[in-house]
Amino acid sequence: MLRELLSPKRESSRGALDGERPANFNILVGKLSEVLVKAIDKPLGYAINWGRLWSLWPVHLETACCSLEFGAASGPRYDVERFGIIEAFGSLRQCDLMVIQGTVTRKMAPRVRMIYDQMPEPKYVIAMGACAITGGLYFDSYNVLPGIDGVIPVDVYVPGCPPRPETLIQGCILLQEKIKRTRFR
Amino acid sequence: MGSVSGMLRALASGSKHLAVKRFTLRYPEQKLKFVGDGYQFDPKEGVGIAGYRGRHILYHDKCTGCQLCSIACEGIAEAISMVKVDKQYKQNKKGIMPQIDYGKCVFCGLCVDACPFYALFMTDDYELAAYTKEHLIYTPDQLAVKPKYQGTYEIKIDELGAYHDE
Amino acid sequence: MLLFGVVASVPALIVAKMIAPRRRFFNPVKFMPMECGQVPSGEGRTRFMMQYYSYVLMFVVFDVMTIFLYAWGVSLFGLPRAVTLPIIIFLAILGAALAYAMYLSARRDIW
Amino acid sequence: MGLEIDRERIPGFDVEGKDADGMDKGILTLSVGPQHPGSGHFRLIVKVDGDIIVEALPDPGYVHRGEEKMCEYRNYIQNIPHLERPMIADSCGILYPYVLAVEEICNIPVPERAKYIRVIMAELNRCIFELYWLGIYGIFLGHSTMFMWPMADRELLIDLAEMASGARVTHAYFVPGGVRNDVPDAFPEKAKRHLLYFRNRLKEYKDIFYDNPLFQARTVGVGILRREDAINLGATGPVLRASGVEHDIRKVEPYDVYDELDFKVITMNEGDSFARAYVPWLEMYESVEIALQALERMPSGPVRTKLGPNPKGAVGEVFKRVEAARGELAYYLVSDGNPKPYRVKLSVPSFREIPVMAHLLKGAKLADMPSIYWSMNYWPVEADR
Amino acid sequence: MSTVSEFTFSNFVKSVLWLLFWILIIVSLIALPIIFIVLFYVPPPVINGVEINPYLLLTMLTNPQVGAPLIRPTLESLFFRIAVFPGFTFAALFATVLIFAERKTLAKMQLRVGPYHAGREAFWWANSLGGFLQLIADLLKLLGKEIIVPSGADKPIFWAAPAVLVIAAAGLIALIPVAPGWVIADIDVSLLAVFALLGFFPLTVLLASYASNSKYPFIGGLRALYQLISYEIPLILAVLPIVILASTLSLTGIVEAQYSYWFILLVPIGAFVFFVTALAELERIPFDLPEAESEIVAGWLTEYSGMAYGLIQLANYIKMYALSALFTTLFLGGWIGPEFLPSIEVFNVQVLSSGEVSSIFWFTIKTFGVALFMIIVRGTNPRVKIDVLLRVGWSKLIALSFINVFIAVALLYLGVVGVGH
Amino acid sequence: MSQQGQGQASTDQLTVEKEIVDRVIARFGDKVKLAYVKPRRIRFNVSKDIILEFARYARDELGFDHPISVAGVDYPKNKLIDVVYHIGSCTNDKFRSSVLVFAVQLDRDDPVMPTLIPIYRGVEYHERETFEMLGVIFDGHPRLERLLLPEDWADIPPLRKDFHTKGREE
């Protein structure tokens, strides 16, 4: 699915269907702009996407008890800073990764959405723990959301209750794979 | 002066740790060693056998489709549902086996405690992250696979401090 | 050098502004002042009680005085020794004022 | 029903700070949380006048998951996994009184070895929690090294707990009638090795943290809780003991085998943030001592009483309390004779610290907020349940 | 915008080749004509009496020896000094190394690894760098990050503040002598200029925080102001004995006055006070009150995102370099040290003399040592409170500085040291 | 009722508990009802008219000085809500291992009782929680408002027995 979306075939077909700019508008200008886009945008896109892979700064948002294992993951034994993930930024304006650490209650959900909205683009979301994925243990609780998909889009699911730090690191590696394959905006 | 000496001692203590061995387990290359083959349960004794509680393993030749694991999970996380399997086993007349949704499972191991036929155990596998929720649902066939996980590293303690080593 | 600072920093901002991703639609929530996930309440810039105000006053006085000392310090080697005495007196006055201010500050809680 | 709520006064989205009264005085309403590096999953509405906090209103409930209601739908065994979730840093501590209560109401005997294993696990968990707490205390005061060292040493004990129970933090290890599985054969030796090393490591914290004059400048004399206030506000655990009250459930009302073990109750008389940070550090030595003693005396034998699938409780009620890492943790359990409890009430230490926190923050400086807030041994998930 | 099909190394190489191809075409079609037009109207620069014309440049491509005598004059030209060596590039590089050193040293102190894996999927040699690519990744990420300006902010000030901070930091490094003669702006009162520039930062912080129109930055800005109040006077007083002993306000002169004794041996108290106040000036732990996370989120940085944040951090670390260098200059004898390194020669033409190379080496080593000590202090201490800082600054540090001044005067009058010594 | 059939504790070791019971009965007589005496646990059922008096007596005379828990229990069959206070003691060495339990039985349709904040300041948040979870109104409480539930909660209090979570209606 992802690969189909991103394949060059689709790009060329979309260019033909675009119609905004007639193909014979001005050969020189049209070609030059295309050349500029090709020449600058593509390598820069690669470079910046590569930068994003290795510089995921998680926002300091704790929604429930999985924050414990998140803390352990940034501790010396697992040390996610090896992967460029530093859990030391106070403000959400400097962050680009949101790890939902556990249960999202009905009281927390609007805040989570607001924090997500206020983060600068691009931003990625990891759902950590069974509660964040489906509600987990609290599937029949009156105050817990059944997963956070309805609130914010999720990139990677990390199961466990709470997940081991290793699993979280594995999720981060999966997220890096995903960023690699997505389009640079 | 007391404060100055306190400051100096703090600095000395911090600098001293520049010589202590790093504690980090370099995870993707190094993996932890656990006790045993994962958590198991002996229904005759009524006592579990110590081990890590990771992903389940299902022995198809022992599972009778009795649904006890599913019932045990009902009040906990509703992670286990019984699904039809293609193959027929003589001990499993109904042809149903547990399918586990790891998006819901909390790895408490009470389903293992509930299984009276030594069919459902847990393993050391914890690398379960996925891109979609569907990938987190493990069918009986996936559950039967023994994980290829092999960890060898554990904590060593000596005069250089605690660190991870084989 | 200052000009070079401009040359080095402004393009970075402009380039970042140019290539940074933007969403098509305008999301007003994003541009709200950040307040820990809450909708901000009240003004961001309020009248704020100026605590440690006396330190500010002291600073205004002392900052000028200390710079005067530099003129003395630079030329000290060339000056006759007798000239140092007034400076010592000047420093003593400064020190006394400071000590009095610190004494007052110890007696007041809100300083 | 009388449930009309004055919506204007709900501590919620947009009510505070808008009153013209507060604006004129230059009072700034800060929302500390839920996304705040100094709050966790909790919100403090702090009104500051310059640098002084004039009022601090705790606003918990961001992790309220309805544990008590969920208990009524599950039987006694199924309640175990979710009842330890409110406090996974100390999951044995929060499960302990529940297991004791169920044992009393269902009349289940416990083997002797299981009692010792429980004590060892409870003490390990106490240390695990205190270390995590200490680490966060360090990072709250801007001391990143003090976050990392306790985190590293905590992993030594987590390794032990994982060896015995099979999970890093959510052990689900205690069950009515004992523990779920016997500890592995290698456990006692490894436990001794790790505990002795850990006890040596504890000394390191003194130089860099407790004796550091900058740390003392931030905590000594800050947020002094007087003895009478501590008692009357219902403070518990290290907070209470730091105010000079010698009250420890392990001594006052010994459960399992605590009356056979030799340990001291740590108290300090200052009642400030420093004392509240120092008492847990001293208690960790005692915990290591208790665990070592229990390892020595642990008899062999069975570890679990075999039960039917659905134990039924007798009609009646029990109130069981233990000393968890944060203080007195009690369960009030009402049974109507069914396999499911009629009502389970958790009285958690964190919830009891909320009024203490509000009391201490009033009149403190804004910079003292982290040191007071986190010295309360407060864990929002547990308080919200 | 183009799309990226898959991130593989071959794709990357392909795109780079593609880029080179089109650059060639653009160069030949547009750039070359423009160059010729420019050359027609603008006279070529003259270095050391030699006219740098295209012919010479082309000759240098085949016969580099021709360029050798031109290297030294190039190094001495003002543009090179501002842009490259004692100037911006050197400072930015030094700042980068400092960020890396800080992260790695703190990690080692905290028993962990620190940044390590960055870039290992694309470059096989990435791990051997021990994570240095991490900084490039951070930079690229920040470059491609959205910059949010909160509604109600004063946009010009909000945008200008990061640039102003970088500019002021750049101004600082212009005044610091790296080796004999190697200084961009060698003015007589450079010490006073340093103080003037240092006073610039908290004011910018205050403006930026006020422009953000948010509560936490507001408090952070006020804290920056209080912090300025508490450390500024001890900072100025701590340097006064140096001025007394060296009888000059020029940094070069101060270094030259230390050929017999480093001033840290004569006025250790001043060095201590200066170090503490430099930490406060840098807003580093234990004095990072304006950015105290656990109290006021990120202080005055709260609303800054993307490259604006990146520039502020860059300015901070350039400032850290500048203040370490200032400490070296004032107390550790600047570039002074034994000459032991060989001179650098290109085609038998001496580019840098042995003394210059050694001077630069000693200066760099000392500055790095001071910065490393700052990092260790950061790793071992918690943050202080603003009232403690004010009280300590006004009672203890000022008293120490006065004692210091008297020591210097006494040393001078006792004839122990002095300019003529 | 739940607390019947539990008063028959073994009578030999319960001297401390007996002493508390005797002193309370001597002071209040018939106004309080002894529900049970178990080792270290004594429960009285107190009517809401004398609850303040009772609590003050327990604090000042008996030394039960800090609240451990305030729990509400809903009994729809009896149309009652029990508000159960568990009070412990730190200062009285004799009683410190005991927990004094006293319950107020309120009408389920109109659960109003006076607040105990004047006597035990620590019950403030416990009582707010009980108000929120069971709808018990505490007269004189300064901040009787939402505590744990979301601001827009519009259902009946969740710990009442006629509140059922989704999928669990029985």
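Note that the chains take the letters A, B, C, D, E and F in the order they are written out, and that residue 1 is the start of every chain.
Everything that follows uses one rule, which is that a contact is a pair of C-beta atoms (placed from the backbone, for glycine too) under 8 Å apart; a residue touches a chain by one contact, two chains touch by 3 or more.
Since we're looking at a predicted model, the values are computed, not measured.
Student: To get from chain D to chain E along touching chains, fewest steps?
Tutor: 1
Student: In how few steps can one go from chain E to chain F if every step must land on a touching chain?
Tutor: 2
Student: Relative to chain A, which chain has the most distant C-alpha mean position?
Tutor: For chain A, the chain whose C-alpha mean is farthest off is F.
Student: With chain centres taken as the means of their Cα atoms, state the distance from chain A to chain E in Å.
Tutor: 34
Student: Taking the mean of the CA coordinates per chain, how far is chain B from chain C in Å?
Tutor: Spacing between the chain centres: roughly 55 Å.
Student: Find the geometric centre of each of chain D and chain F from their Cα atoms only, then give the gap between the two centres in Å, rounded to an integer.
Tutor: Chain centroid spacing, chain D to chain F, equals 24 Å.
Student: So which stretches of chain C touch two or more other chains?
Tutor: 19-22, 30, 32, 34-39, 42, 46, 48, 52
Student: Please set out, as single numbers or ranges, the residues of chain E touching at least two other chains.
Tutor: If we look for residues of chain E contacting two or more partner chains, we find 109-113, 142-148, 215-216, 218-219, 293-294, 297-298, 302-303, 306, 379-381, 386-387.
Student: Residues of chain F that touch two or more other chains: which are they?
Tutor: 149-151, 158, 163, 165, 168
Student: So in the complex, the part of chain A that touches chain F is made up of which residues?
Tutor: 105-107, 140-143
Student: So in the complex, the part of chain A that touches chain D is made up of which residues?
Tutor: These residues of chain A touch chain D: 59-65, 67-69, 71-72, 74-77, 88, 90, 92, 102-103, 105, 107-108, 111, 115, 137-138, 140-144, 161-162, 164.
Student: Show me the residue ranges of chain A that touch chain B in the complex, using the header's touch definition.
Tutor: So the residues of chain A in touch with chain B come to 76-79, 82, 130, 133-137, 139, 147, 149, 155-161, 163-171, 173-174, 178.
Student: Going by the contact rule set out above, which residues of chain A touch chain C in the complex?
Tutor: 44, 48, 61, 91-93, 111-112, 114-115, 117-118, 120-122, 185
Student: Flag every residue of chain F that touches chain D in the complex, lowest number first.
Tutor: Counting only chain F, the residues touching chain D are 2-6, 40-41, 65-69, 71, 73-74, 84, 86, 88, 90-91, 96-97, 99, 101, 109-112, 120-126, 129, 133, 135, 137, 143, 145-151, 156-159, 163, 165, 168.
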